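Order as written gives the chain letters A, B, C and D; numbering starts at 1 within each chain.
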Amino acid sequence: MNARDDVFVPELLARRAAGVRAATLALLDGLTPEDCMLQSMPEASPVKWHVGHVAWFFETFVLEPWQPGFRPFDPAFRELFNSYYVGVGERHPRGQRGLLSRPSLDRVMAYQQSVLERLLEWMDDAAPPQALALVELGLHHEQQHQELIATDLKHHFWHNPLLPGWRPAPAGEAMADPGPAAFRRYDAGLADLGHAGDGFAFDNEAPRHRVWVEAFELAQRPVSNAEYLAFIEDGGYGRPDLWLSDGWDARVRGGWDMPLYWMRDDGRWACHTAAGPLPMDPAEPVCHLSYYEADAYARWAGARLPTEQEWERAAAQAMAEGASLPADGDFAESGLLHPARLRADAPGFLGGVWEWTQSAYLPYPGFRPAAGAVGEYNGKFMINQMVLRGGSCATPRSHIRHTYRNFFAPGSRWQYAGLRLAR
Amino acid sequence: MNARDDVFVPELLARRAAGVRAATLALLDGLTPEDCMLQSMPEASPVKWHVGHVAWFFETFVLEPWQPGFRPFDPAFRELFNSYYVGVGERHPRGQRGLLSRPSLDRVMAYQQSVLERLLEWMDDAAPPQALALVELGLHHEQQHQELIATDLKHHFWHNPLLPGWRPAPAGEAMADPGPAAFRRYDAGLADLGHAGDGFAFDNEAPRHRVWVEAFELAQRPVSNAEYLAFIEDGGYGRPDLWLSDGWDARVRGGWDMPLYWMRDDGRWACHTAAGPLPMDPAEPVCHLSYYEADAYARWAGARLPTEQEWERAAAQAMAEGASLPADGDFAESGLLHPARLRADAPGFLGGVWEWTQSAYLPYPGFRPAAGAVGEYNGKFMINQMVLRGGSCATPRSHIRHTYRNFFAPGSRWQYAGLRLAR
Amino acid sequence: MNARDDVFVPELLARRAAGVRAATLALLDGLTPEDCMLQSMPEASPVKWHVGHVAWFFETFVLEPWQPGFRPFDPAFRELFNSYYVGVGERHPRGQRGLLSRPSLDRVMAYQQSVLERLLEWMDDAAPPQALALVELGLHHEQQHQELIATDLKHHFWHNPLLPGWRPAPAGEAMADPGPAAFRRYDAGLADLGHAGDGFAFDNEAPRHRVWVEAFELAQRPVSNAEYLAFIEDGGYGRPDLWLSDGWDARVRGGWDMPLYWMRDDGRWACHTAAGPLPMDPAEPVCHLSYYEADAYARWAGARLPTEQEWERAAAQAMAEGASLPADGDFAESGLLHPARLRADAPGFLGGVWEWTQSAYLPYPGFRPAAGAVGEYNGKFMINQMVLRGGSCATPRSHIRHTYRNFFAPGSRWQYAGLRLAR
Amino acid sequence: MNARDDVFVPELLARRAAGVRAATLALLDGLTPEDCMLQSMPEASPVKWHVGHVAWFFETFVLEPWQPGFRPFDPAFRELFNSYYVGVGERHPRGQRGLLSRPSLDRVMAYQQSVLERLLEWMDDAAPPQALALVELGLHHEQQHQELIATDLKHHFWHNPLLPGWRPAPAGEAMADPGPAAFRRYDAGLADLGHAGDGFAFDNEAPRHRVWVEAFELAQRPVSNAEYLAFIEDGGYGRPDLWLSDGWDARVRGGWDMPLYWMRDDGRWACHTAAGPLPMDPAEPVCHLSYYEADAYARWAGARLPTEQEWERAAAQAMAEGASLPADGDFAESGLLHPARLRADAPGFLGGVWEWTQSAYLPYPGFRPAAGAVGEYNGKFMINQMVLRGGSCATPRSHIRHTYRNFFAPGSRWQYAGLRLAR
């Protein structure tokens, strides 16, 4: 994160902390302790673990070093809820988080409450700015885990033949066809990209830096289910010439012939969603694609994925033109955890589905990770991953920015990840 | 099982069914729904799945074909709780049983209760003997799962760094050293082995058949922890000449240098038990050994494992001499799920720990599996496994016989399996 | 092997040694140095390695301890050509034997010649009987590797799409259909089995011991390709009820739907053989089956595999009735490395194809491995394998006996292994 | 490759083709047919396969479409020697190339000679420019395989405990210590990068495009063995904070604690080289590093890897200043296949060791793969790989350029890959 040591108002920060936690806990509505223990793959953690981990972050990085007379809630939690911070010590093996029936969900709920109370109490005091900066980081960290709670749970439930849903189904009539995507042209030129200004940003969004961007065209909306279905029906999953070599191998190995969570039954298409199985809606943006599928689709469509520089330039321009960006997308606050239908008249860049870019996740020129264990937050993952931009229907509205860099391995499919065409 | 169509008294059988179920449910005392969902490896199922499966057996093999107007509790359970009966249809993948947060434990409890009630109600009617034989099989099947509930749960909790215990610790002072094991000699001769008589037995214990058994000597008690510790301290885990070739490979691959559940800390030995971590008691029988370890130990001790024929002959002789066999061991009814200390004056053959034999699990001459899907019960597993005899502290007293054949792959360690020396 | 210290005539043994080696080298006719380096799987060694290893056995177990002034041909070979004798020291990893382009085949040929010459020279002296016993063991060891040279090479060439052959095709017209197999009945009774008499036998054939064998019937010839084809065409590979549980898993994992080396092209069946691809001959015995396939076939045919005791009893009786056993089969000396067609009038028990029995490979009562490193020859493999009896078309005639116990893992398919029905 | 249809002089191209082939065959000096069949891992092919494949390229992409009356040398070779061109048809599995004892090396030599003769004969005719462009591509393709022949063979021989060498050892005294590396500063600015001009370049070096490069400093020579040893001795392989997360996992999984081919014996360091084992020379550039090790070293040294843009800018500037670039490095023509010692007075950018950059291998803006099957040459590998620049001691001098983009997965270690520091 950026060092903005002088700008924190403890009261405001405390209010935000309480609000973020309330949003985290709201995600557990309708879930049982058994649901909260599910772990369907090493990359997807149990809901209970996420809850413990977001509290752990505050206890470990804020309370332990800064609170006078600090005493841990439970010394064993230091290891149990450490994700990957080698600087903090041992970690419980990632793939075995689903084997922690103890501590129970009740006890983890008591833990997060205790940490939050101690945090709020301590923030009344003369908390030093560098500690408050860690609180702010912790709040954004917690919002990231809110998104993971949703995407991981969807993956866990996918492994239950009953296909449980835990959210209401999207309401409303199917919209009219959004029509073909318009492409907008952007001229070549120098651009300053990366985070600027006073607001919070992760360290990987900095420093702001100059890039030369060649002229390009970018679609004004993501690819729809209907468009992706045409790729399927045209045999796109059976044509190696459309795929990257590693992508084709992943496709064969995984037996992929449709997006994750899609099902075909008697010629009808359906999707596993947060509301359980629903008919596939052609007007929604396609999602749960790997990079390989997004890339193959783009090649099939005679286009390509944008670079993150192109994407950010276009999004910055939209903002400069007065678009109230977060407003035009759909976010976690809707409670649906499902992307809204595409509309022709709202070419926003944020929300709905993450958009794969053709940029590898690498440091910006002059990048420096934060000092100490929180320096492990982003930098050590800068290899073998591709950048996604824009946020999704599972991202909190206050969490996303047009400079935000999300990143996943190219074979990952369990995020709400789609694509937007460039050429 | 044997066909004894004429001997069932429905009232007695119903009383037994209720008693067996009560014993099953007693095993859940102190467990949370989260505990009951744990699955630490594909071979070890969640407690909740075991409970659903024992009910499923009665619903599928008794109620569905025999109860007039049968209606399933939930049609989805037919697949969810099928273990390996291909004749019944599809099965939920074994390694993913821990991903079934739904149905909840509450609902599975309602399921087992519904099945039991319908079963008891139906048994009041003029139930045909061949159906009652399936009820009896189902009761023994349920008792097998009682043992698995205990051994699986111990394995699940072993993967939690908190090492939870869920049973009281064994009471009492450490007994005097049991002293060196006495060996008893048995002369060569023909013997009739396998199940005889009216009582229940599994199909794999039949038919009774004749074998020639050479003269042999057999220890009058299993090997103790103290004796096994001498093997460890003599470097037994580092000497390939003591091990079978496959055993040595398994040892290296698994990093084995002590029995499963043993821990060494600062030179002191402890064990993970049903009561949580306890100091290792030298007077207890060693257990949680693979066949490979039992075999290597026997070779180190200048002895060997007995064959199942030798074992059964000796046990039969003890019975003929008036030993009240089940009385002298320790069984699941103690509630401890931990083997009692060895005593010099009680050379029983049943209870305490299972004893690996050097016999492969193969059909007896003239073996015929039962007709229909229950024919899959035993026969199709007669490969790549070794026979264990005698029962353990997790076996119900009424479940074990001296003709009982248990079987596990030679690398399995999570059962209460020890050994007795022969020569 | 048995200890028969007083029976060796060095001159005769030397003549046999030269003859066995000549037979080994004859197997290399038509092979290039490149062919001799192939290794298609860890279990199948390169021809060159086999040649070096049989020489290594004599150099290590005979010359090194017994020859005055012994000097190794090349000190590095002690490790390179050690198969699995932990007592001898380190071994080159089994799966990497195909990576030894050096030593070249020329040098390995020089090695084997040097060892043989030194061995023959030393045997002129007053060689002690216990050393000569090791020579005899080494000759039988070399004959075992002759068979492996053939079966391994067949497997190696199977991985070359050109399917090279290196032996002449069997001559002659297709025989008349052998007709249905006759079954012969054997009464129940005590039998003395295992090796007896003065001739050589491996340690695992001893000691001779008594067994009770129940009455049984045994087919008078192995199962034919035609009979096995009926199993295939009846859907035998698609019916899990016919298979052992592990066997079904192996079938699915391996994609098995016909014997190894069979091919189906346009409805016609062919086999990869030592003469390259040939049409499948219905009158030949089926071979290259795993135990699982043999067992499933027997179940489908309403029969079962014999135990090794039944097999040996029947073979012994045939001998007692005057059958000149080795004469009626087909062996390696034919040079074809392909089983002859079955005949109705020659119910021999040796040669043609190995026959899977339903007996696990375990020690006979009273078994003792030989002292020293050669004690690793057999005993340490007595787990997870099934016994095969009878020898094959790749077995030297002088190597086989009716007490001979071959053993392979139940999933192995690259040996000439078929079956004979019992009931 | 670029389309330069009008610039080919068939006579000159034919002379080059003969010369390139002579260089390929010279790499086989001292190798046996057995050596030429080795395959130590799927990524490293046998020498024989490389020879067949470079001929296959000409036969498939030039002779087959362009030569009147074309007849293949052997129809089976079309599949056997296809590497990854899906557009051409089936391919023999990559990991099984070492199982092709047939065709023999002799026959593959006849194949390459036949293809070359037919190619040269055909080029006398009025060969169309677009076909000649494919010949030129084939020559550069063959030079790439010359490097792979060297690096793959080194890896194959590493798996032979005899550690064969096949090239003379570097001569000469150890040079004086090259002294600390000087860093040169480059100012920020726009730069035009990528291939320009008339010479040959691969499609992935185009199009020439503009980039903004921030100011940076670059070391004037690669990192030496002595410098890397200091990293080892400082515990660099044991400090996760220095490593990328994936890199640390790879290190643990592979047991890496020194560069590939290094050995430590009694405190002395040695390396497996093309001349067999040699003492480690501190003045040589470190090589056989993965990206992960190069990245960790740079972090330890308080620096970083350069981007490929920085590297190319610096190399271009050196050229503009009059450096005769290929002259100052060391290349395959020396016949040593070993990097020369570093000198303080020769800050060249080409030859010696490849240099990892921190750039992912991705398309340049406006990249278009060639049409047809040769379009699979580069583009489909643009994922999960990092760019290396500069060429190595195994690269032919005429093959390398300062715009050349090599690429390997970050865990690859068998290339002559080192690093140069930036900051």
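The criterion applied here is as follows: a residue touches a chain if its C-beta (ideal position, glycine included) is under 8 Å from a C-beta of that chain, and two chains touch if they have at least 3 such contacts.
Fair warning: this is a prediction, and the values are worked out from it, not measured in the lab.
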Task: For chain C and chain D, chains touching each - done: none
- [ ] Sort the other chains by how far their Cα centres are from that of chain D and give me the top one.
- [x] B
Task: Over-half contact-pair match to A-D, picked out of the listed pairs B-C, C-D or A-B - done: B-C
Task: Separation of mean Cα positions, chain B and chain A [Å, integer] - done: 47
- [ ] List the centre-to-centre spacing of chain B and chain D in whole Å, with centres computed as mean CA coordinates.
- [x] 60
Task: Distance between chain centroids, defined by C-alpha means - chain B, chain C (Å) - done: 38
Open item on the list: Two-or-more-chain contact residues of chain B, please, as numbers and ranges.
Closed with: none
- [ ] Could you please specify the touching residues of chain C with respect to chain B in the complex?
- [x] 84, 86-87, 188, 190, 209-212, 214, 240-241, 243-247, 291-292, 295, 307, 358-360, 362-363, 365-366, 376, 380-384, 410
- [ ] Within their complex, state which residues of chain A touch chain B.
- [x] 32-35, 37-38, 40, 76, 79-80, 92, 96, 98-105, 156, 159-162, 164
